[in-house]
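You will see two complexes here that share chain A, one where it goes with chain B and one where it goes with chain C.
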Partner chain A sequence: MRSSLIRQILILAALALIPGLGEAVYFRQKISWQSSIPPSELVTVDQARTWAGNVIWVDARPDEEFARDHVPGALSLNEDRWNELLPQFLAVWSPGKKVVVYCSSLSCNASREVARRLRKEAQLSDVFVLEGGWEAWFKKR
Partner chain B sequence: MKTHTVAFALSTLISLSARAELKWEQTMIELHPTPTDKQAIGHFKYQNPGKTPVHFKSVHASCGCTTAQTQKDEVPPGGSGEITATFNIGDRTGTQVKTVTVETDEAANSKTVLTLKTIIPQQLEITPTFVFWKQGDKPDPKTITVKVGKEFTVKHIKVTSSSPDFQTKVEEKGNGEFKIDVQPQETKNLVASTLTIQPEDSQKIFYATARITNSPVVQ
Partner chain C sequence: MSKTPNAQLSTSNVQLSGNASTSNVKNRTSNILRRIVDLIVAGVFIYAGAIKALDPVQFASDIDNYKIFPWPISVALAFYLPWLEIFCGFALVGRLLYRGALSILMALVLMFTLVTIAAKVRGLDITCGCFGHASQNWSFPSHLATNLGILAALVVLWVSNRSPKPL
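What follows is the complex of A and B.
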C-alpha cells in the first residue's frame, strides 16, 4: 500500500515536470532580456537635478516623441539620425560637463545604446543613463 | 487507484495537446542587410493547428525603430499567416536585437516574443569620432584610427575638413588600417570642423568631428 502511494506520487511529480520541460525546450527564446547597466553609469532624476548647470540632457527617443515633449534644454540624439545629430551635440559639449541620456521608460534600450556610443565612439566620459527615463522625469517634474 | 492515475495523466496530456495555440515556424530571425539597405525585414510565419480560432490582441515592438504588422486579426483553425517586422536601420551599427511581443487570446502561452537580430555590416570603424583641444592647449596633432570591416576591401580613403582651421593627413598603415592626423591651426578660438571620411569607390560617407572647446567648468 505504502509503495503504491510513493509510486503514484512519483508518477504525478514526473507528469508535472512535462509542461515545464516543454516550456524550457520549445519556448526558450520567449524570455526577453536586456543587458544590465553598471550602477556607476546610472543616475536617478534627483541626483541628475543636483548637477543643474553642469549637465547636458540628451533625448535618445525618436524625433516624434522629442517633438511632443522633452526635458527642458535637452538635445535630441537618436540612432535614426546619429550622423546628423551628433555634431550638434558635440557643439555644446565641453570637458567637465556631465551627460544624462534618457529614453521613454525603464524598459527602453535607446538611452543605453546612445550612452554606449558616446563613450566608445566619441570617447566621452561622465555619460550616464537616466534611471526610469522620460517617465521617471515626468513624474517628478 | 492505478486506473485513476492513468486516466488523470491521459486527460492532462490530451488537454495540453488540444489547446488552441499558434505554432510559429521560428521565433528568431537573423538578418544580414547590405551596407546601403535602409531597412531589414523579418517574416515570422505561423499556423493554427488547433480546433478553435486564435485572435491577436496586440503586437508591440520593443523599440520605436521597429514596426510590426499582422495580416489579419483572426487566425481560423488550420489557418496560417505571418507577422512582418520591419527594422529601420537609420545610423545604427553592429548587431541589433529587437523584439516584437505578440499577445493572443490563447488559453496558454498567450504571449510570444519574436526576436529580430540584424547584423549591420560596418565598412569602416572609426575611433574616436571626436577629437578636441581645450582653448589655449598646444595645437599638437591628434590621431583618428580607421579600420576596414572584415568583409570589405578599401585601399584608400579620402578625408575632407569642412573648416580650414583644421588640417588632416592620412597615413595608410596596411592590413585595412588607416591613421588620420588632425591638427588645428591654433587653439585660441572656439572653432569646429566636420571631417568627412569616404572610402574610394564608395558612396557611403563617414563622419568625425574636431573642435576647440572652452576650458572645463570649475566646480
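What follows is the complex of A and C.
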C-alpha cells in the first residue's frame, strides 16, 4: 500500500514537470534565473547619473527613511501609501523621462515591487531599479 | 395470538432490509458529501494553480519575498508548483492517483502554512501569492485560516477514503 502511494506521488510529480519545463522555456526571455530583476531593468548609480535631468528618482522606502534622507529631488512612492502617492508622482512624470526606483540596499524588494507596479498599473515604460539601492547611491555621492 | 415462525421470520427480514436501506442512504449521503468536498478542494487547487501558472514571474517574486530560497530555486518552484497543484486537483476530480494527490496537497499546504508563519515571526510583510492578485491584500489571519481550512478538508478526505483506489 505504501509503495502504491509512493508510486502515485512520483507519477504526479513527474507529470507536473512536463508543463513546468515547457513554461520555463516559454518564459525564458521574461525571467532571469540569475537575478530577480532582469538585467535590462537594472541600472547602476553611474549610469543613472549620466541621464542627468532626464530622470525621475523614486524612493520606495518607508516614509521615515525617506524623511531622514533621500536622493536630491527624489519623490517618495512606497506601497504603504501607493494610492495617495501615485497621483503626486504622475503629476511630475512626463513621457520620455526615465524612472529610477530605489530602496535601502541590494537585498530589499520594495524597489522591484514599485517598479513592477509602475510598469503594470501605471503602464509606464523606461522604469529601472537602482542596483544596490540607497546604500550604493550614498557611497558614491 | 402468537405469530407463526414464518411470520416472525418475515418480520425480521423486513427489519433487516429496513436497516440495510437506512445504512445505504447514510452511505450514499456521506459519499455525496465526500464528493462535494473533493470537488471544492480540487477546484481551489486547480484555480490557484492556473492563476499562478499564467504569471510565473509574479509567483517567483512572491516566493522570493519569503526570503527562504535563493532566487533560482524560487524561479524553479514558480514554474513547477502551479502545475503540481493543477495535476493534483484533476487527480481528485477523476479519482485517479487519489491518495498520492491528497498526500502531495497536504504536504504543500503544510509547507505554505509553515513558511507563512515563519515569515510573520521574522517580521516580513509579505503578500500572499496563493491566489495571485485576488489574495494580495489578505491579512495574516485570513491567510492562515484559509490554509488551515483547506488542510482540514484534505485530512477529512484522507481519513474518509481509507480504501485506496487502484491506479
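We take it that the second predicted complex is superposed on the first by the 106 of 141 C-alpha atoms of A that agree within 3 Å, B and C clash if a C-alpha of one lies under 4 Å from a C-alpha of the other, contacts with A are read in each partner's own complex, and residues count from 1 in each chain.
Operating definition for what follows: a residue touches a chain if its C-beta (ideal position, glycine included) is under 8 Å from a C-beta of that chain, and two chains touch if they have at least 3 such contacts.
Everything numeric here is computed off the predicted structure, so don't read it as measured data.
Novice: Applying the touch criterion given at the start, work out whether A:D46 contacts chain B, chain C, both or neither, answering first, second, both or neither.
Specialist: A:D46 contacts neither chain B nor chain C.
Novice: Give one of first, second, both or neither to describe whether A:D69 is in contact with chain B, with chain C, with both, or with none.
Specialist: So A:D69 meets neither chain B nor chain C here.
Novice: Applying the document's definition of touch, where does A:L12 land relative to chain B and chain C: first, second, both, or neither?
Specialist: It touches chain B and chain C both.
Novice: State whether A:A122 touches chain B only (first), chain C only (second), both chains, or neither.
Specialist: Touch status of A:A122: first partner only.
Novice: With the two complexes superposed on chain A, say which partner A:R112 touches: chain B (first), chain C (second), both, or neither.
Specialist: After superposing on A, A:R112 lies in contact with chain C but is clear of chain B.
Novice: For A:S4, is the partner it touches chain B (first), chain C (second), both, or none of the two (neither)?
Specialist: Touch partners of A:S4: chain B and chain C.
Novice: Return the chain, chain B or chain C, that is in touch with more residues of chain A.
Specialist: The partner making contact with more of chain A's residues is B.
Novice: Per the contact definition in the header, classify A:G96: touching chain B only (first), chain C only (second), both, or neither.
Specialist: first
Novice: Give me the intersection of chain A's contacts with chain B and its contacts with chain C, in residue numbers.
Specialist: Shared contact residues on chain A (touching chain B in one complex, chain C in the other): 4, 8, 11-12, 15, 18-19, 27, 30-31, 109, 113.
Novice: Can you check the complex and tell me which residues of chain A touch chain C?
Specialist: Touching chain C from chain A are residues 1, 4-5, 7-9, 11-13, 15-21, 23-24, 27, 30-31, 33-36, 109, 112-113, 116.
Novice: Please output the residues of chain A touching chain B within their complex, sorted ascending.
Specialist: Residues of chain A touching chain B: 4, 8, 11-12, 15, 18-19, 27, 29-32, 54, 61-62, 65, 78-84, 86-87, 90-91, 93-97, 107-110, 113, 117, 120-124.
Novice: Which residues of chain B touch chain A in the complex?
Specialist: Residues 1-2, 5, 8-9, 12-13, 16, 27-28, 62-65, 88, 90-93, 99, 101, 109, 111-113, 115, 126-130, 132, 134, 192, 194, 207, 209, 211, 213-217, 219.
Novice: Using the touch definition up top, name the residues of chain C that touch chain A in the complex.
Specialist: Against chain A, the touching part of chain C is residues 53, 56-57, 60-61, 64-65, 71-72, 74-76, 79-80, 82-84, 86-88, 91, 97-101, 103-104, 164, 167.
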